[in-house]
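Note that chain A is present in both complexes that follow, paired respectively with chain B and with chain C.
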Partner chain A sequence: MSRLPLDERIPYAALVAGLAVLTLALGLASVAIGYVPFDLGAAFGDLLGGRATLPALVLAELRIPRAALGLLVGFSLGLTGAAMQGWLRNPLAEPGLVGVSSAAALGAVVVFYSGLSATVALALPLGGMAGAAAAALLLNVMAARGAGTTTLVIGGIAINSLAGSLTALALNLAPNPYAALEIVFWLMGSLADRSTDQLWLVLPPMLAGWALTLSGARALDALTLGEDTARSLGFNLAALRVRLIAGAALAVGSAVSVTGAVGFVGLVGPHLLRPLVGARPGRLLPVSGLAGASLTLAADIAVRLLPTRPELKLGVVTALIGAPFLIALIWRLRREEP
Partner chain B sequence: MRIDATGITASAGGRRVLSDVTLNLQAGAFVGLIGPNGAGKTTLLRILAGLAPPAAGTVAFDGADAARLGRRALARRIAYLAQDGPVHWPLRAEALAMLGRLPHRGMLGGVTAADRAAVERALARTDTLHLRRRIVGTLSGGERMRVLLARTLATEAALLLADEPVAALDPRHQLETMALLRDAARSGTGVVAVLHDLTLAARFCDRLILLSDGAVLADGPPDQTLTDANLRDAYGIAAHRGRVGDRPFLLPWTALSTQGEPAR
Partner chain C sequence: MRRWLLRILAVLPLAGGAALAGDAPAKTQRIASLNLCADELLLRLVEPQRIASVTWLARDPRGSNVAALAAAVPVNRGLAEEIVPQRPDLVVAGKYTTRTTVGLLKRLDIPLLELDVPQTVEAVAEQIRQLAHAVGEPERGEALIAGMTARLDALDALDALAQGQRPTAVVLRPNGFVAGSGSLVDTILTRAGLDNLADRLPLGSQGALPLEAIILGGAERLIVDAAPDAPPSLAHAVLHHPAVAALATRVRVVSLPSRLWTCAGPQIAEAAELLAVGREAAP
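Now for the complex of A and B:
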């Protein structure tokens, strides 16, 4: 026998620890990298010493929220992607597929369009969460009527295109070109200039969404063997559906509502990690969350290091990397089928 | 563990699949559920496993209904092997067998020594120890079926309901699997298997339930269920009969026309 396969060589605990260290390291790098020359040590010293110097303010109000949101958003996307793939038993599933992401984007755009975002500070994320919740509710109603996974995927696509066309309508009717431009830029997804308030707003729903999703790990393992067998192993699939859809709405809805659309992280994360966990859907959840966080932080560091000004949008970079990845994935899947 | 099904009726797509089926199952016997295609075998097995509620009638598990027993308690007592059960991800055989331990595991607790021991026993009994590191998708149909059976055995439930467990196997593994299911029944587990091979059913099962058009046509020891009249009425066939030593066997031999004459 030649070398052991990857999932047998790397113990699961070591994989989780390694990814956590990588994520934290990228988070620190994200804090350290920025546009102004910056003494990180002094800034931390001032911040911890309670001295309101400029470096301390930059650190607390710009750098740390940006890195923390990158981590949270990436983890949410990676985790939800793995959960959607396990639940629908489809390697091409991701949060965008079931319509939650685009509905969240529509919710935020409606807030933009109505002008509420200018008057109420947190109207934008709240609008996004409302959109995600509406999509989740619609999906749950469809699923509760006995729709199979194929029907749900098609339903998700329908929600996607409905939200997409309503977003286009809002752009079409935008009162002035600047409003439209603002919406378009926001839709591209970015972590730049996010505030601590936004961080505190999305943290609770994200954590709740993570907990709901992670609680489905065992049931997702059982679903590997199909719905009948999963049921025979004692799992309540209706309850799993509610938990996963609500978890996706909370985690991805709040992610999209602060960063705009950051695509492909939820698709790529699970795929990179699946071979390392022996394809077990339950074990895949936390590690693809960490992979999503690492990918998002790395992409956000890249947009700041690239010489383009104004900086490239985060969603543009993830899509530029993610779309070819998706094509390669479909190519490989096609080859594996007889 | 016993299951008492009374007056079970089920429909699918507006068609009556089962009508007024009454039977009881208990540990320690190897029961074959037989009948022609479309007789309602799979529907009945799913209802007996508590996976689908009947349209009418009751199913009692040790005298309690499924809701009162709770799905996890039921999952520990009844193991179910789905017909050509799908495996959606490239799991290794050992990890797949470990899924059979899910009903025994708590919300957070890891794999225990008891779980590992049960999986070892299940892999040994299905002759799949040497396949444990293989990815399920790379196995042959027979190997795959045996690994799926190992998953079912790993639960160590009181009752094992299997939908066509030998359909994909070569003759050797058919014989071995039937012997394994019989031994499981001898050691106290109740086994109910949907079977199409009447020769194997007659040879290995303690009791056969013959379904025809959604009703129980016969229920009893093989020699009382597989009579010429029943074979003609349920399947429209005639069988060749013989003996090996002191043991009788039966082999489906002729398809009959609707009038009961041998068809061309």
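Now for the complex of A and C:
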């Protein structure tokens, strides 16, 4: 009996459908599993029947926005991770590792604590997008000079430390005495007590970012054959870069501006799924988004089930999964390219 | 002989002065404070000329009840290197704050008074009395206590009229902190005729709670520890969460400036009065 490659054993459509079902199931579980047990069916009934009971209020204003944001943020990070890995042709490219997330956090912090977002709500995602775009452009400059894995990782460390320390500086300069302690939220991320306002604020830019990134799928496939071949096939690589940078800025920038920087989500999903899609970056994009959404939702369920008080930040759980994964990945890369 | 006489004459006024000063208890002349709560009591008890410094927090009207008084007094940031050169006769510190500075001041034998965090009205009165005695202003201390007690007693009379009708209440503070039994906030709630629900909340009564646990607790009054003009922070954003706004259509939400009950002092009477108004059903 001959063994088929993984991508031929599982049809792509079935993979997408399976991951979509998993993501939706985790989304529902996230709504059902809160801090306090309550009758979900009755709450849904009250909500649909227009009865303003406490469970209906908690469901509409706390649990649903939290689960929805978990799904959207996870999808954004997973999708962007897969796109960056294809674009930079580098397995370690991930919004958190290369500094896009922490730069987005810096942008959001400056806008939030200066009071700008209190007058203009849209300023918050815009601040996150500006930070993410700056980091992505910097990466683009590095990649243009033919960055290897080492250069990219060192560049990521540099952007991360710079953005992290500027975030700390901005928080210490902020006039509110609570601000300095809130660096944990911005660097580790959390979905605790997020709101519908934030959901509606970041949904449009996220969807736009997804569309831009997904529109680069075929060009990313062509890019695996090398830049010259991709160009000869008629793909405009400069336009692809613009699309991916804008997509990353829109999706990751707005995600980080409401949940802080959640790490490793864009690393784990794409690597687990790459063998299942025949190493085609274009086909990897949507499934990585779904995997990122599942991972984020599962991690957010975990922080609520773990008996820690105050609860763990979301990024702690994703790092507990992602960091060993990264170490294993570096180990494998070392063997492949000595 | 004449020289001797002159010397004796020169010394006499000093001796006389000392004898006069002995009639009243000697007052400390240079007092420094290392804690906002101590700042507030000190500024209420002692004229500004006798205060070497208070903390910089005392000048912030959002957190301090005595910002106007503090404007006339030098400020410190709780560092020993600021306090020691001021050569204070007395340093007032909080029992749980600026521990490094307090440790150093002790080693330098600088007179120190450490204030505990009172949890009952009696303990608040006792603390005012203790500080007033230490700074030589017992009458002003008693006047503060009498004013506070009279206002709180007036509330007890109101409570008697309500015939044991005590609505349940829960306090929402920045970061989702609640105030459980045994705290000064709990004492003030009780004096205002409210029944603190914190101990019966699903996830316990101390520390930061998720909004879900606070809302599902089902209190009849939500007391929000508000600072409407505070600069932005995630901690304060919890207080303006849409879920809290939605709750306001169902239960009465009472907004209370945090400076009124952050520290033990006569201002807790004002906090209790505001809460007693909020105890009544929605206006």
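In this text, the second predicted complex is superposed on the first by the 277 of 338 C-alpha atoms of A that agree within 3 Å, B and C clash if a C-alpha of one lies under 4 Å from a C-alpha of the other, contacts with A are read in each partner's own complex, and residues count from 1 in each chain.
The working rule: a contact is a pair of C-beta atoms (placed from the backbone, for glycine too) under 8 Å apart; a residue touches a chain by one contact, two chains touch by 3 or more.
Just so it is clear, the structure is predicted and the values come from calculations on it, not from any experiment.
Asks: Have a look at where A:Gly115 lands relative to chain B and chain C in the superposition and call it first, second, both or neither.
Replies: second
Asks: Thinking of the overlay built on chain A, is A:Leu139 touched by chain B (first), by chain C (second), by both, or by neither?
Replies: neither
Asks: Does chain C touch more residues of chain A than chain B does, or is it the other way round?
Replies: Counting contacted residues of chain A, the larger count belongs to C.
Asks: Per the contact definition in the header, classify A:Pro281: touching chain B only (first), chain C only (second), both, or neither.
Replies: Touch status of A:Pro281: first partner only.
Asks: Given the touch rule stated above, what does A:Leu62 touch, chain B (first), chain C (second), both, or neither?
Replies: second
Asks: So, A:Leu72: does it touch chain B (first), chain C (second), both, or neither?
Replies: So A:Leu72 meets neither chain B nor chain C here.
Asks: Could you look at A:Met206 and tell me whether it touches chain B, chain C, both or neither (first, second, both, neither)?
Replies: After superposition on chain A, A:Met206 lies in contact with neither partner.
Asks: Once the complexes are superposed, what residues of chain A are shared between the chain B interface and the chain C interface?
Replies: After superposing on chain A, no chain A residue contacts both chain B and chain C.
Asks: Provide the residue numbers of chain A that touch chain B in the complex, in ascending order.
Replies: 7-8, 89, 215, 218, 221-226, 228-229, 231-236, 274, 278-281
Asks: For chain C, which residues count as touching chain A in their complex?
Replies: Residues 174-176, 202-204, 207-208, 210-213, 215-216, 218, 230-236, 238, 241-243, 246-247, 249-250.
Asks: Could you please specify the touching residues of chain B with respect to chain A in the complex?
Replies: By the definition above, chain B touches chain A via 46, 49-51, 71-76, 78-82, 85-92, 95-96, 99-100, 102-103, 105, 107, 133, 148, 151, 155.
Asks: Under the definition above, what is the set of chain A residues touching chain C in their complex?
Replies: Residues of chain A touching chain C: 34-36, 38, 52, 54-55, 57-58, 60-63, 112-113, 115, 117-118, 174-176, 178-179, 181-182, 185, 192-193, 195-197, 309-311.
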